[in-house]
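Across the two complexes that follow, subunit A remains constant while its partner is subunit B and subsequently subunit C.
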Partner chain A sequence: MADKNKSHYITAKELRRIAKENINATKAFEKRKKRKNVESEYVTQMKDPANIVEFEDLHTYFYTDAGVVKAVNGVSFSIPAGSTVGVVGESGCGKSVTSLSLMQLVQGPTGQIVSGSIRFRTKAFRRDEKGNKIPVYEMTEENGELVVKKDAKGKPVHKKNELGGNLYETDEKVYDIAKMPTEAMRSIRGREISMIFQEPMTSLNPVFTIGNQLNEVAFLHIEGISKQDAKARSIEMLKLVGIADPEGVYKKYPHELSGGMRQRVMIAMSLLCNPRLIIADEPTTALDVTIQAQILDLLRDIKGKINGSIMLITHDLGVVAEMADFVVVMYAGKIIEMGTAEDIFDNPLHPYTIGLQKSKPTVDGEVESLYCIPGFVPNPIDMPDYCYFRDRCEKCKKECAGEYPRLVKVSDTHSVSCYLYKEGNAND
Partner chain B sequence: MIDEKEILLEVKNLKKYFVVDTTFFGKPTKYLKAVDDVSFRLEKGKTLGIVGESGCGKTTMGRTVLRLYDVTDGEVWFKGQEVSKIPEREFNKLRPNMQMIFQDPYASLSPRMTVGEIIGEAALEHKLVDKANYREYVLGVMKMCGLQPHYFDRYPHEFSGGQRQRICIARALALKPELVICDEPVSALDVSIQAQIINMLKELQKQLGLTYVFISHDLSVVKHISDEVGVMYLGSMVEYGSKERIFANTLHPYTKALFSAVPVPNPHVKMNRVILKGDIPSPVNPPQGCKFHTRCEHCMEVCKTVAPQYKEVESGHFCACHLYD
Partner chain C sequence: MVKYIIKRILLSLLILFGVSVLLYVLVRMMPVDFVTQKLVAGLGSQGNDELIAERKAALYAYYGLEEHPTLLGVWNGYWKWLFQFLSGDFGTSFKTGRPVEKIIFDNMGVSFVISFISLILQLLIAIPLGIKCACNQYGKLDYTATVLSMIGISFPTFFFGSLAIKIFAMELGWFPVSGLDSGLFGVSGWTKFWDMAWHLVLPMFVLVVLNIGSMMRYTRTNTLEVLNADYIRTARAKGLSENTVVYKHVFRNTMIPLVTTLAGILPGLFGGSMITETVFGIPGIGKTAYDLLNAGDIPFIMAYNMFIAVLTVIGILLTDIMYAVVDPRVKLGK
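Let's look at the complex of A and B:
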């Protein structure tokens, strides 16, 4: 029996109106994704040249049948080159959607990057007038003149890059991923940014061998790589992630491997093209503690070897404390606190961060009863216009009924979005 | 060791083998030894925490104790009765006393029954309550578990994970059990919801004098809730003792590795970790001798051939390792 007093009840008329609005809104976004040859529209500049990624006021919405869900609602942070940034929060807080937006993998047409920008420093191919890539050829000296080397069939020989593929002329450019069409994104996705997913059981294809799946990545992203080179590269990567018998694993199917081994294969796959940024989306949640320790150790080790950055998404505060240099705490689609790992763990400011840390039992501490944050996360469809945490907060003040608090800098590295704190002052 | 305290549950040399291969005539040739020789005793009102990696047989052990699986060998004594050998019909009378809370609150609730039906069905079946008082009884149980009365006519899909887990707990408690086996009740939940459920379980234990067997892979949770802790590896108990003893004086190398693998939410602590190499071996053909010797850093010659005895190293602290012979 439908009950009109229930908050989640929607009339048929209302449903039709929402559906119509959604179609209109998403059509425009889908059209924008299909543009061609519009590079000038998405080339930008970094605010700080030391960063590799900068999120600025990112909004990613889901146009569902029940209304618009603002999964990511104004998120701004940056990932400095060579560092690990941990994004923590409970399920549904938008941490995964943030990373999917960076990869342009948000499931359309429901999910759309609505506004904001994601600036990413990347290696972009130089193009000629026709939009083709400009190759670099091997040169030889003939009769005292430098000429392009030709092979037996008279075709010019490509110079090889460090991965064994053809070398093209490239530029260092900054792209705004939020505005890029899908076609252009393909040159970045997998090659410059790669992702390790949560479920190693479901993210490998069960009907292909590990070697087959690794080689596929190489063939797709490293143009002109030979079969032998691809195999050598795959086996080298399997060796790098600490698999004892890489040739054996190369021939195996995913079901023959354990969870930890599969996650290693996933990491090997993500490293194949020497990415600048690895997004690890809950890489150890499905694994046991002992295997988790192995994988975290491996990730730390690898970051040093490839000289890249890691964006680590997790709900486990212990994992973040161990891995991350910078921590971003998210709640209901917004950043509520961010800073260095020391800032967040030694001096947590936001009541939610404090509550989250108190509610986790520790192995060395002993408490009679755990702290629990009262109440629930608000309904994502009708978010209140005051602070989202107000109804669960114990330190609520009069100002909290006003508009959503801005992110204030309490120190050079540490910012928090709460009315309890003022600019440059971390002690209330 | 004769205690005047009441022993509610005693498990002696419990074994549960699954047949994986048979001859043409159906004679089993290969076994998966999911639970291989586990013994412990549990006092009334206490909590036993069982930890171990996935595939070590902790869930199978819980289910075998409840006789959801038939026992291959060994004895399970519950309130002075041997439950593994009594006939099914008699055992059904005992069933309300032993209940289970399952891991996945999304899969363990029937989507076609209302919350009231889910919680009350078994109580009605076991004649703990008659039809006239049914609604009040269920509402009472729901209140105890922090569920609002108007949830009575709702369906499980309308609830979040934490609420569903509360429904599962209410379903178990509606039968007024004495022993509740909690099979990873919080591992599918968020940290802040986890705290709510753990606090509630502790609160209910105090109120109703429940006895828990708490199965989990999260050591910090087990430490928080348990009085005694058992560590399992490949179907066997490798270490067992009171919580204080196990955490203060860890004996078995596997337990040490397991404890050091837990990430600590403090960026200043740089632990000197014992990182185990390799994966857990297949329980179909476990290693000869000590099952842990393939990954153990203290492995000796004797470990490769002779299986260590499970014995009392100090009072109330059991361990199966050749280091303490």
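Let's look at the complex of A and C:
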């Protein structure tokens, strides 16, 4: 679209071309999600064994009627085991879509993971030639020989795992979630990665009781669990997230609870199977400030208890400062700066990060009016090929007219994507 | 709950009273009344004018009608009808001379069978199809079903009925043209049963095809709305299979607005389908009502419509109770 005045107008011909291209593109992706028995295609290796998740050059696009929206456009970062990684950015910068890609929950057929990889270290079930899971049985000694223990009906007795479910043989494997079919992804969702959503008011099904919705997860992922055990586990989780009357809440419907309570229920649900990674997608945005603090305390508490990692998505810098070990700053579908929390907060480099810091309201010091970054995010359908922040940047230089700046490492932990900085040099 | 239902029933009585007033006034205001029709049919337009006038006056007096209805006449007529109705005397049909309730109950059976079976078929086809279409939005099945259901919705009953008769009865000869039985005598019960079933296939087919469209579209729209809800994303995030997501989490929520359609089912089941029965010449309650309505048979029209009104009121009450059953957020009371 060379003519700038016409940039929002799409002719009927173009509309038809876009619709046709979209159908062809999404069909191929949908087909790829329905493949069967292709484990070899998505098994990979971690670049750094200390990580639990590695995003590499992830592209997630939305094929809309107005054109392709590159919501996530080449994102690479990793989540080390046992840490909290905060993803910050303004609304629409692609942070939620990044997390949804990790769960393969991007709403299809419009939204698709187009390329790149998301490597996740998983405890994968070992399967026999028929594709069934291989159970582990209790052994007893009989006449000096080790044999499988049998119950009264002659069925072999399953060995139990730490959650009270049947134990199966597992392997530590690394899967590339971007290439996995949906069917295989289901055993990771809820069991190893669980998600807490932004809107607690609408995230629970209104027609089922809290207990029903919690037990569902237990029945699904803790195989062979009895009804009483599932209920006990659900109530234990409700207790863990600080609900005063877990038995009462267990029997209630979502509409009978407040927003904060519902978010606690969501957290309880996400903890049910001891996941390795919890994705918290703006968990406190819809809650008032006092409840926000409680929920954040709860999340921090829980991270210590389950020994997992948290991917915390938020636009609230205060929340990130309080919670995160590592921070990733996103802008218009790309990472513009990342580093440890100290790097980002004590020594922000990218003009956008500096602007974000300045636009944060503070308690001390009198400020006439809050700082506001000038200008707007560029149109996502028609991204320029220079730095996306150039038109809003105060420190714009001559080089900025060139192609999009690479991510440069200014120190071991800190990288930034801006022409103002060079490799290994943070003081410019 | 009990208090709520009692309150609703008392309110329904008030509604029924209003309905009966409106009905009676409307029926009395019809341009052609029973007496005029009877005279035209019996005497024709020839004859002694004086004699005709005399006979006319006698007939009007006999049936308690007036040639030119006056307010007082309608007023008196209404109260007379109401007291008779409340005392359990539903009146005697002008045309057939039989008690009205006998006519209704005698003809209801076949109409009920037709409506009931086609309703079950409708539900069995429309709801799963609607859900399937929503799950594959803009797919081949969705487009096909949408086009077909739109055709179904747009066809008038008499047209589609006649078309079905033309194709399946006259051209192909698979089914009989009209009627309820072939007039077989001295055959066993089963033969009679199959004969009747054979006669009912076409009317049921027409009813199902014409009514399936709206219900399927309704299901599809509701399912689509629910599929985009946040709690469905939560259900997927738990790792549930697509079938569990759709048939447990989506379906229960789709049911809530679908319950509304229940209100129309009850009168539909017992009231018969006027046009379909007339087109296929089936002696059900619908065809009888159509014939007697044309004849201006006031006692029958009043009783039949009151019957439908009572069923509608009960249907709506049942719908409201069902809401509370399906949706835990709805509390009846006050």
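The working rule: the second predicted complex is superposed on the first by the 422 of 428 C-alpha atoms of A that agree within 3 Å, B and C clash if a C-alpha of one lies under 4 Å from a C-alpha of the other, contacts with A are read in each partner's own complex, and residues count from 1 in each chain.
The working rule: a residue touches a chain if its C-beta (ideal position, glycine included) is under 8 Å from a C-beta of that chain, and two chains touch if they have at least 3 such contacts.
Please read these numbers as outputs of a predicted model, since none were measured by experiment.
Q: Now for A:K160: first (subunit B), second (subunit C), both, or neither, which partner does it touch?
A: neither
Q: A:K133 contacts which: subunit B (first), subunit C (second), both, neither?
A: Neither subunit B nor subunit C is touched by A:K133.
Q: What is the contact status of A:L105 with respect to subunit B (first) and subunit C (second): first, second, both, or neither?
A: Touch status of A:L105: second partner only.
Q: Once the two complexes are aligned on chain A, which partner has more residues of subunit A within touching range, subunit B or subunit C?
A: B
Q: Should A:H255 be classified as contacting the first partner (subunit B), the second (subunit C), both, or neither?
A: second
Q: A:Y371 contacts which: subunit B (first), subunit C (second), both, neither?
A: So A:Y371 only meets subunit B here.
Q: Answer with first, second, both or neither: which of subunit B and subunit C does A:E342 touch in the superposed model?
A: Only subunit B is touched by A:E342; subunit C is not.
Q: Touching A:K33, do we find subunit B (first), subunit C (second), both, or neither?
A: Once the two structures are laid over each other on A, A:K33 reaches no partner at all.
Q: Where on subunit A is subunit C touching in the complex?
A: Listed in rising order, the residues of subunit A that touch subunit C are 103, 105, 107, 182, 186-191, 194-195, 197, 199, 202-208, 216-217, 220-221, 253, 255, 266, 269.
Q: Provide the residue numbers of subunit B that touch subunit A in the complex, in ascending order.
A: 53-54, 160, 162, 190-196, 198-199, 202, 217-221, 223-224, 247, 257-269, 273, 275-276, 279-280
Q: So in the complex, which bits of subunit C are touching subunit A?
A: Against subunit A, subunit C makes touches at 228-231, 233-242, 249, 252-253, 256, 326-329.
Q: In the complex, go through subunit A and note every residue touching subunit B.
A: Listed in rising order, the residues are 90-91, 258-261, 288-294, 296-297, 315-322, 341-342, 345-346, 355-357, 359-364, 367, 369-373, 376.
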